[in-house]
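Chains here go by letter, A, B, C, D, E and F, matching the order in which they are written, and residues are numbered from 1 within each.
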Amino acid sequence: MPYIHIQITREGTAPGRDAATAEEKAALIKGASQLMLDVLNKPLESTFVVIDEVATENWGWGGLPALEYRRQREAARK
Amino acid sequence: MPYIHIQITREGTAPGRDAATAEEKAALIKGASQLMLDVLNKPLESTFVVIDEVATENWGWGGLPALEYRRQREAARK
Amino acid sequence: MPYIHIQITREGTAPGRDAATAEEKAALIKGASQLMLDVLNKPLESTFVVIDEVATENWGWGGLPALEYRRQREAARK
Amino acid sequence: MPYIHIQITREGTAPGRDAATAEEKAALIKGASQLMLDVLNKPLESTFVVIDEVATENWGWGGLPALEYRRQREAARK
Amino acid sequence: MPYIHIQITREGTAPGRDAATAEEKAALIKGASQLMLDVLNKPLESTFVVIDEVATENWGWGGLPALEYRRQREAARK
Amino acid sequence: MPYIHIQITREGTAPGRDAATAEEKAALIKGASQLMLDVLNKPLESTFVVIDEVATENWGWGGLPALEYRRQREAARK
């Protein structure tokens, strides 16, 4: 009876997109449910998956909003 | 000091609606808080309820997005 | 397809108990699931309930650990 | 490796605003991350913060939607 | 920057076990993180996974504690 | 009416300890509640804080259980 809560930033994975597509979300649902079946032998029908898309300014990492943290990390790599 | 997090799909309960109404949400809040009082003797003022409405394409069951899973189950019943 | 997460402090409701009993938890599960059926017309079989029992020193209210906050409130009432 | 989930009502802190500002959210992220460093010695880069803004009608306290509960409490104080 | 919360019942997958093994948990962590990389192109180092093992009497499905619901479903299949 | 959920690994901050101390947890509760007051003007009495201590083998980062990921990162720094 697994419940899987996936939180991601609301962003596109390709230019011109601003969020995960329905296909990508379906792939997350399928993959996460399959993982419970493969590892723990849980039937697909007993797994819930909930995807939560979070605005980038609502996600913090490194003490900063997500986009700012990424910029800082990329600058540090150069 | 209970905290109750209710996740539901964003859908209407009657034709022409696309989400739970304010009255329905108030009923969820009242019922969940009352349950804590009845079962655990927690005063109403010490209970928080948070309702989270999730887009149907962000909710997975049976390895599929929610609406697709429902269609599949209903087809199987026929 | 509701998912309900109930967080409560780990405490007994009567002298000599230090946690909710199995019967109380079953009552929480039954009541929360029934609420989804009554208010949103969700079949019982489509609702998950997860009860999370939290040590009182891990629960904060009023800027204090739960037991300390309660003592302070009760003192203020006198 | 802390993860901090902050749920707040979606409201402004000053007239003319209807939600927390980007600056306020950045302050929450910075403050929560710093707290993990100060108290538990966790490096900033190992802390995630997620802010979840909840519509006031989706938040319950005292068995009522949040705004109604506040009105009732304020009336009781008079 | 995904965060994945996996809630499962605390049960073994084979006779003589009463919980998921460290190997099974590592497989859940690996699989869930890889899924974020495959579907959303998120680097492994930007994904947190938290596994939460829930006592079966704290998990409800079908309005009943989990084990009771399973027994009832299995009886109905016969 | 903020609710703050803090998930940390169950580990001590000094030799001979295997978990956060009651004092450290009280400091997390105080600091997180104060942050809501300072940034969003929320009274202390309207904030709940819940601390969730997670076994290190239940926490994943970088596709690995937490301790293994740390070892790998430290090795990479040398």
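Methods note: contacts are C-beta pairs under 8 Å (C-beta built on N, C-alpha and C of every residue); 3 or more make two chains touch, one makes a residue touch a chain.
This is a predicted model, so every value here is computed, not measured.
K.L.:
For subunit D and subunit F, which third chains touch each of them?
P.N.:
B, E
K.L.:
Can you check whether subunit E and subunit F touch via the same residue numbers (shared by over half) or via different ones?
P.N.:
Subunit E vs subunit F: different; shared/all numbers falls short of half.
K.L.:
Can you name the chain that lies farthest from subunit C, using the mean of each chain's Cα atoms as its centre?
P.N.:
Result for the farthest chain: A.
K.L.:
Matching over half of the contact pairs by residue number, can you pick out the copy of the C-E interface from E-F, B-C or D-F?
P.N.:
That interface is repeated by E-F.
K.L.:
In angstrom, rounded to a whole number, how far apart do the mean CA points of subunit A and subunit E lie?
P.N.:
Measuring from centre to centre gives 17 Å for this pair.
K.L.:
In angstrom, rounded to a whole number, how far apart do the mean CA points of subunit B and subunit F lie?
P.N.:
Distance between chain centres, rounded to whole Å: 29 Å.
K.L.:
Report, in whole Å, the distance between the mean C-alpha point of subunit A and the mean C-alpha point of subunit D.
P.N.:
22
K.L.:
For subunit E, write out the residues touching at least two other chains, lowest number first.
P.N.:
Within subunit E, the residues that touch at least two other chains are 1, 3, 7, 28, 32, 48, 50, 59, 61.
K.L.:
Which pairs of chains touch each other in this structure?
P.N.:
A-B, A-C, A-D, A-E, B-C, B-D, B-F, C-E, C-F, D-E, D-F, E-F
K.L.:
In their complex, what parts of subunit A are in touch with subunit E?
P.N.:
Residue list for subunit A touching subunit E: 1-9, 13, 20, 24, 27-28, 31-32, 35-36, 38-42, 46, 59, 61, 66.
K.L.:
In the complex of these two chains, what residues of subunit E are touching subunit F?
P.N.:
Against subunit F, subunit E makes touches at 22, 25-26, 28-30, 32-34, 44-45, 47-53.
K.L.:
Of all residues in subunit B, which touch subunit A in the complex?
P.N.:
That would be residues 7, 54, 57-65, 68 of subunit B.
K.L.:
Under the touch definition given earlier, write down the residues of subunit B that touch subunit F in their complex.
P.N.:
1, 3, 48, 50
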